[in-house]
């Protein structure tokens, strides 16, 4: 089966910043991403959990974005601009994708 | 610590197709997978979000499957048959696993 | 953009063991992790799903932990102690991270 | 005429409709107001359970009408037949592809249970009685339209996923049909005694839950309008405004032929006029993945649902009253 | 005898039981009907809060009975003792391993609060009064069975996870115990005045919420039966059908010794006959991960729960009435 | 004085307050009791809808008071002005950084709708009438405080994220403002007739839902106290205990100037004394990500909220009664 190399960009970020992040993605011509829920976590800003939260203030999500390797580098700067002053983690991994015509 | 090479197959697919996909996995002798919820996303068929959805029609899930490298290739054809006409993304990554006797 | 090599440790484990696992992480000086919800899955102990569950007994979560490569090996033994008699899967992948000063 | 206008006015200014409007507005203004998926699903389970149960109790109360069986058959025929009319209409007034037209047609043969509930509420407020088994007719009308649409595709269009047994079971045993029929049966079996035990759960808070549910539907419909309006042509929108009246006319004919009460005829019109946005979209994603969801969801939820909710229901009731000589 | 039969018939045809049956059927037919996890959890919180609160108010109303303390002690003893009987019985009539047998035994020493609620409802409908503090007895019976089972393991079986303080706290302060005891205390403190403020929330809709909750339990039980029946032996199923009556007998003895009212005796029987499916399974996953969950969950939720719900409760009530000379 | 004490005692022993206490205790004891996020969000939507609707109906009933407009303006001024006082106070009695102090100040200018609801309940129980439009004043007071805080930062502190239009829209159209204003409008439009349709949903179960909601808030507050107490200084805690009375005094002045009823004055005090923990924290995360959330959330939810809930409300009511000569 024919597969293609791609990058898997995973950004754990506060829910309130999600729209700002995906707006940047759209601006840069990235049209594909997936948002996964996050139950809780721990980092430099302490531990948190979604249980019983009534405020949107303290939730996070994970935005996953599969892109062509050559599109990664220029994207990172823009993403960093959104994430910069906010808590969160950005990781990049290598994957193979099926149906690469989609990306 | 002893680890083993394995493949991490991640399939983002419409919820309504989940059972059909896992049926194929079972048929092919794959007994291990995990289903993760997806909150929303964007792709060629536009943006969507789970908020306030009453219909099952527009939700997606991510099915993750850790398998021995040699089992991957024959599986892909069958998976593609289910995913084919449907929206969604299939990625394959490399991982090391503990307790490989399980796979 | 400057990135750094790191390991992505993903542990699928029963919800009831989550606190015990993160306690170990804290003990070993790991302060960053993220907990993702799991909807269902299948493994040697059969298939399960979260739908309609009232008991905590049969849910699982995925704990993801990005760490410096050199911290991985000593951690695995301790993690295995918690996971050992329990159902679940441990995978390790390679990723690049931004803002590595955080880890 | 006065009748229609005053009914329409009362209807438009009811908390239920205004809640829907609030949802649409909030969503168009891009407020972050949202109702969690689990809560929305919980409310829809509550509404289905309550409406089914009350229908069953009403049948237990009044005995089986001799027209029950015939009404069910009429419902099946309407559900199977309306997609064919809808498909023809779409081919004439819109430029949708065969696949998209068939998918849209399936939605208009099937029904919207919330529209049914809204219609029942208005009838109740107006003091017009209905046949309790109409809720069973509603359940019967959910699925046949899907089969018609698949037949249309295989007749006029390209290849389709073969109708396998898994899909058939999914369509027939989908959650809302099972819950509606099941609670109808429970209501029928337990009757007035059963109702006494749970009426302060299923009757008293019903209208209020309906308000919040419609708030959510307004939010979803507004989001759909914002996102999906690009895919809409004037022809398609015209269909969404016209087809309800075509359906209502067919429902009127069926209700009259069966000799139902004013309320029964009105509900037959409401059911035939309404379009599905729960069961059919899910079936279409499996059976016709090539059809564009933003077309059928926007039409059903963004055009036809609000039309029926606001103007349709009062008009259907007024016509049913006039024709049957009721009130 | 007539009494039992008519009580059983009324019970079997109540909306609550029929909702459970609907859930089981829907699930066996593989319908996609399902209730979101969050909604199910929300309903269980509501039920625990309401039942605890009402118990507390009733104690505030009638004053502390001198048997309150003794009843709590009796509950603790029953919960700790029943697992030993259950374990012995299992070793005789089934071929379960030591670990599996101990895990199952823990479930039968502990209690099912929904069975307790269903029993209370039937008593209320039948106009039989109960001691309000029985809900505190229910809370007391949740945990000791777990400790007994771990003791059984260390006595007869292989090594077990040492009982660390984290596990102990989890068992004692598990959510349902805390909520039950807490709302019992709140009801006791605020008494009739408190009840007046919230009765239209915790009394009026109670039976209706119970219906939907049992619909969900039916769905879960049906799913368990479909998946877990492979792991079941005839001996194990026999245990699941027999043990409730053994437990009920012990509960009867305790209730009589304490000199409780008819309703109190009946509830002691119900508690002793019921098996846990919330608190104990979670504790077993931590303490005895080697035990097979499909065995204990299927027995508790798929066999014993429906047995108690349908036939058990009427029988226990009839026996309690006969023995105490009540009604 | 007697009045205050007896009011405080009644209040402290109400099911609502005891539920909050249960939540705090359960959480401090590290019980696993928890309420699913979706259910908590569903309850908050219910409470906002009900409180807004009732406010609107009350305005429809009594006509627009000539002070409605002036009260809204007073609310806007209080919300914008209180952060400046709070900021000054913080700089004097705590060692918080400029950014943290501004973030905390924003919370105290804005309002807590649950505190408002609790205050309204106590007034209702005590038979003291209020102006129905106070709920609109509450909505008006949500946002201005945020703008004041950002102005404080740009004046005294480092650079801040420029106030872009997206952020402005988020603040103004945040879900709770839209729902509160929207349901207020619906209540106003539909009036008494609308209320008759849904009162058994929005009035009867209200207190009970409030109990469970406060149970959840207790759990969250307890978790916050457990985790966030490290970041707290004595000065900051002192501010959290003092500022409510400063705010209440400002509210008292406003209410007297406007010539409101006893109930209206009391609610103005409650609003000014309360601190936001929903809308403002979210806005701060976007606009001032450098501010430490555990400081402002712990102060608002862990210190000021319980203070107002238990002692504050009875005191404000007693003062309002004394000053206006009411009851």
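Per-chain numbering from 1; labels A, B, C, D, E and F assigned in written order.
Assume a contact is a pair of C-beta atoms (placed from the backbone, for glycine too) under 8 Å apart; a residue touches a chain by one contact, two chains touch by 3 or more.
Keep in mind that what you see is a predicted model, and the values were worked out from it rather than measured.
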Other chains in touch with both subunit C and subunit F: A, E
Mutual neighbours - chains that touch subunit A and subunit D alike: B, F
Shortest chain-hopping distance from subunit C out to subunit E: 1
Averaged-CA centre spacing for the pair subunit E and subunit D, given as whole angstrom: 41
Centroid distance [mean C-alpha coordinates] between subunit B and subunit A, Å: 19
Whole-Å separation of chain centres (CA-atom averages), subunit B against subunit D: 34
Subunit C and subunit D, separation of their C-alpha mean positions in angstrom: 45
Multi-partner residues of subunit E (at least 2 other chains): 32, 34-39, 41-42, 200, 204-205
Multi-partner residues of subunit B (at least 2 other chains): 36-37, 49, 56, 93-94
Set of all touching chain pairs, with the criterion as stated earlier: A-B, A-C, A-F, B-C, B-D, C-E, D-E, D-F, E-F
Touching residues on subunit E, where the partner in the complex is subunit C: 34-37, 40-41, 44, 161, 166, 216-217, 219-220, 223, 227-228, 277-278, 281-282, 284-286, 289-290, 292-294, 297
Subunit C residues within the subunit E interface of the complex: 14, 16-17, 19-20, 45-47, 49-58, 85-87
Residues on subunit B engaged by subunit A in the complex (per definition of touch): 10, 12, 36-44, 49, 60, 62, 73, 76-77, 80, 83, 89-94
Contact footprint of subunit F on subunit E as seen in their complex: 36-39, 41-42, 45-46, 49, 53, 169-170, 173-175, 178-179, 182-183, 185-186, 189-190, 194, 197-198, 200-202, 204-205
List of subunit B residues in touch with subunit C within their complex: 1, 3, 6, 8, 22, 26, 31-37, 61, 66, 93-99, 102
